[in-house]
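What follows is a pair of complexes built around chain A, which joins chain B in one and chain C in the other.
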Partner chain A sequence: MAKQAPGVRIDGLTVVYKTPAGELPAVRDVSMELAAGTITGIVGESGSGKSTLAFSLLNAVQPPGRISAGSVEIDDLGNVVSFQGEQLRKARGAHIGYVFQAAQNSLNPLKTVGKQLLDLGRSHGVEDLRGLVREAKELLGRMGLDGARVLDSHQHELSGGMRQRVGIMLALVLNAHLVVLDEPTTALDMITQATILRIIREVHAERGLTTMIITHDIGVVAEVADRLAVMYGGRIVEQGPTREVLADPQHPYTRGLIRAIPRLTGDINQAQALPGRPPTLTTVPKEGCVFRERCSLRMDVCDTVDPEAIPHGDRIIACHAVKVKEHA
Partner chain B sequence: MISGKGITKTFKQRGSVLAGRTVQALRGVDFQIPKGGAASFIGESGCGKTTLGRIIAGLETYDTGEITIDGVSVTSPKDRLFRKVQMIHQDPYSALNPTRTIHQTLRAPLELRAKQTRRPKSWIDERAHEVLGLVGLDPASVIGRYPHQLSGGMRQRVVIARALTVDPEMLVADEATSMIDVSLRLGILALLKDLRERLGVSVLFITHDVATARYIGDDGELYVIYRGQVIERGSVDTIISDPVHPYTQSLLSAIPVLHGLEEPGPEPVVPTEALDAGHEDAGCLFARRCPFRTEECETGRPVLGLTEGVPQEHACFHPKSRDVVATHLGRV
Partner chain C sequence: MTVIARRLAGHLARGFVMILVVATISFFIVNNIPGDPVAARYEKLVEGGMSPEAAMQATKVMYGFLPSGSMGEQYVDYMSGLLRFDLGVSVTRPGTPVLDVLTDAAKWTVLPVLLGTLLSFLVGVILGVYAAIKRTGKLGDALAISGSLLHGIPQYVLAMLLVVIFATLIPILPHDGPVDILFEPGFNAGYLGSLAEHAVLPVATYALSAYGGWILAMKSSVVTVLGDDFILAAELRGMKRSIIFRYIARNAILPLFTILALSLGLLLGGAVFIEKIFNYPGLGLLLIDSITLRDYALMGGAFLLITVSVIVANIVADLFYTVIDPRVRSGEEAS
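What follows is the complex of A and B.
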């Protein structure tokens, strides 16, 4: 069966975690579409819910968390939120590839990469294991590594950048066409990061993938993503084409975030830290806008009414102030 | 003034597989950091920047060379003068004892300090409040709390406050912002800059992110370190706008471009190979990865120094400024 890049529609997704204070939402009423064949970047600080959103794509949210509402509809596969057991296990790997955060440490230190590859093949019932190894070597070669040598290596013999590429190989080798990369370059050096980002872009185009990248680093998204979604306190506050969002951010959080990045050129005093601190699961406000505590455009309505995500052309923005500006 | 001359350090590797292999972490490094001044060490992981920072903070020994603090030579990490240098670590989550309140954390060094300087007991709590105020925290609300009740950015401020309890002359910040949320990073950088200006504390900033080096002050010096050798050294602005060493250029080229806000530099430099520290070459340490290498580079090793027409010191046989840095399109 020749597969192609699937489109993904996330609708009204809410993920809650059980805590002593009751069930608290880590992701709240998130709707977005990953168009087939595109790279989407999810940007957010720690606790924004970005990793939880990524896990929901595989229906892999671990207890005490659970998906309490919404659906994740993947082309040729269906709504993964309703999947269970064996059906779910088969979808992961074969349809959806996942490169874990800190892929540098997600390999088994006792087994060679090759042995782990064969384990992966067997657990997914691959009959042609030789073909799988051939495919793995090809992928590693494509990413600038000596495939035979890498498959013979233990994780401690590989550098951080090499392990990251092994992680990408393991996510793609079963021919998945939807790939989720969680913080693919964290803890890597600048030069290695640039290499990995180039590889992600090239492999994405060559194999015809739909890719989602989760990161806290807007620079990473700016380099690779077609579309960008900004998460804050479990909500997507702004999404749209990457270049447009960067050039003309609308939501006050997106603006603040972009202004807070130290840059190499330009006026040094223009960069400013955002006041306040990002909310955690327990400090996210129960009602009203999640960002209002740090917002310079705060109005009365922000305290009581959670702003809806409203399309403005290519952009979707959840902010009362942006709406007011447009009507004025 | 803290300065070093010809600092070398070699690590012997242990374990069954790598036993006997040695790694030259530092190959004769010179540095000078004036009182109240600022310097940044940048380079890839494994280049020796952290080792050098630890040596300066008195947490690591060195093999040869000399370090002087205000003209007095210091050799042993036990030397009391090293107290004048305090280290801010990368991870504020593991730098604070989780079973102690912020008050207890600050009290321990202050008690010692009070004894040394024969100050009354009441001074201890006063000073604890004062240092918390200096780092931009509200003393009353923070002092009774435990580290887990604070955000990463607040914890890093507490770590800085703790360093200030001993009246240091220099703070060594080793990747001090890399584990902090993006929206709060700039606040920590601004704080370090502010402490320099208000207290005259010098700051040594160790990072792989060149852009953050700009934020400790425009009089700061930048040291680009590659495999234990300083390969380019000069003012931050000069090196960012006119880098001459191909390694510095590849570091700058690798910084992500904010497309839509910035244009990429027209002459990016990409190393021809990945870092392989295993080889000991006779020539330039970067030659193997350098796209511009010549025969000369493979036989002789350039030393750090000035050449005609280049304002900064560099260690390259063929220094040439290249336009590698992304330019801001001037919006926002």
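What follows is the complex of A and C.
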């Protein structure tokens, strides 16, 4: 199989969660493209649906959730939403790597990293297990760790930063070229954060990957991502090249987010918190714009009509106010 | 390996001190229980119409000795005897060393309880995994309910129920005594077969009464592990189901070994009701009898035996953990 960075097209993806109040959408009608070989950052507050979107890339939305509509087309692989059973299992790990938060214990506490690596190899029918170990050591060495020592360690013997690098190694060791990182720097100290981000960038370039990074930290995205998608209430409200979006945010939510970041210099009061609270699964509006409750540009149409995601040059924005401005 | 050796040495030292303390306490308690078998015998004879002198004489002949000397002297004598594994001589069975009485009774307790415990552990743990995985389905419900139900029924009710069903209504199993006296004790088919046949109901009672606890404990343990991140991580890495199942089982069973070790430690205490109902001359019955008859030496010996077995079980459990749980091995707390 041709192993190179795959492009990914997410189209009309909707994920619903079963609740006592019926099935509620956590991700609603999301369409986006991960261009081959790029890093895409997904930014959003807790409950915005960004992790659910990440799970969807592996068709791994956990019950009581399910993908109710849409597709995730991955080059050389197909529409993973239609995958089932063994086909899905083999796609995970071998084609799509998933990296957990460092604070999450993504390793079996009773087995050494090396033994779990062998379990992974056996699961995917790797015949050359020595080669796999060699590859793992190389990857770990590449990330500044002593491979032999790490493979011989248990999870509790590793620091947060080391665990994160082990997670990245396990996501890449089977030669996956699409990698999803869920909050890769959360719960790490600043120095380790910087190291991990540098590693992500370098490994991404060296191995030719297509990478998706989920984060609530705009700083992380600014640092590594080529493209940026902002999620709110299960919708992507704005997406585009990172630099453009950060320099000239169009959607009122993106603007609010960026305005809320405190600067290193100047008055701390320049940072303005966005008023109100993000919606939860049950409070997200059923019709109209999901952001209108907190929006300063709210109009009558926002109450009834869900704004469509409309391309504006390199950017895709879902906002009635922006549309009005463009047409004016 | 040195870690294990060091741990073992520490445990043995602590265990020894604990045994000493318990021996001391039980010695003084037992000696201060009101009532005295020798005096009781004496009074019984007097009541029966014997003259006081004759009664004193008869009692002396019967027991071979009259307790004499101060408490301190008795204590030193008892403890130095302990160091030589000499637990003294039974008061109610003149001339029989306590150790012999205990080992004789132990064989009727250890095997059935051990068998019952291990059987229920095995079945309970395996079904517990299914109860956890199928917890939203009918099978899971049924298993959990069976666990709660059996856990809630007192042992003696269960024992009598089994007797009623399998010995009275459908008389296919014996329920009286550990073996048929027709057979010559020894390694012959008849004797062993009779032993096994007699053991069925007691073992089944032990197993059924313990099974509920195991299945419920394993179920909740598995449910906890299922929610752990590393299981989801293994799934997202495309690990095989069989491997993930092993990850779950091994992590979930860990906390159960503590309970298993403790219940094995307590097994020498015997199960009084079950031994009574099935007429098994085990340690539980022996202990109760020795208390009713104020057999100091036997009481002290039985208490000590139970203490020692609990301590030993704890040591074994801890050493076992150092083997199976790497977090314990390195002496660090898992984060």
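Throughout what follows, the second predicted complex is superposed on the first by the 321 of 328 C-alpha atoms of A that agree within 3 Å, B and C clash if a C-alpha of one lies under 4 Å from a C-alpha of the other, contacts with A are read in each partner's own complex, and residues count from 1 in each chain.
Everything below uses one rule, namely that contacts are C-beta pairs under 8 Å (C-beta built on N, C-alpha and C of every residue); 3 or more make two chains touch, one makes a residue touch a chain.
Everything quoted here is computed from the prediction, not taken from an experiment.
J.: Just to be sure I read the superposition right, which of the two partners does A:Gly266 touch: chain B = first, chain C = second, or both, or neither?
T.: Touch partner of A:Gly266: chain B, not chain C.
J.: If we overlay the two complexes on their shared chain A, which of chain B and chain C does A:Gly41 touch? Say first, second, both or neither.
T.: neither
J.: Once the structures are superposed on A, label A:Ser123 by its partner contacts, choosing first (chain B), second (chain C), both or neither.
T.: In the superposition, A:Ser123 contacts chain C only.
J.: Quick one: classify A:Gly288 as touching chain B (first), chain C (second), both or neither.
T.: Once the two structures are laid over each other on A, A:Gly288 reaches no partner at all.
J.: Is A:Ala247 touching anything from chain B or chain C once the two structures are fitted on A? First, second, both or neither.
T.: first
J.: Pick one for A:Pro307: touches chain B only (first), chain C only (second), both, or neither.
T.: Neither partner.
J.: With both structures fitted on chain A, tell me whether chain B or chain C touches more of chain A's residues.
T.: After superposing on chain A, more of chain A is contacted by B.
J.: Now for A:Gly49: first (chain B), second (chain C), both, or neither, which partner does it touch?
T.: Once the two structures are laid over each other on A, A:Gly49 reaches no partner at all.
J.: Provide the residue numbers of chain B that touch chain A in the complex, in ascending order.
T.: Listed in rising order, the residues are 44-45, 151-154, 181-187, 189-190, 208-212, 214-215, 218, 240-241, 250-262, 270-271, 274-275, 325-332.
J.: Hey, which residues of chain A end up touching chain C in the complex?
T.: Spelled out, the residues of chain A in touch with chain C are 58, 60, 62, 89-94, 98, 100, 104-112, 119-120, 122-124, 154-157, 170-171.
J.: Using the touch definition up top, name the residues of chain A that touch chain B in the complex.
T.: 45-46, 144, 159-161, 189-195, 197, 216-220, 222-223, 242-249, 255-266, 268, 270-274, 277-278
J.: Tell me, which parts of chain C touch chain A in their complex?
T.: Result: residues 228-230, 232-240, 243, 247, 250-251, 254, 324-327, 330, 332-335 of chain C touch chain A.
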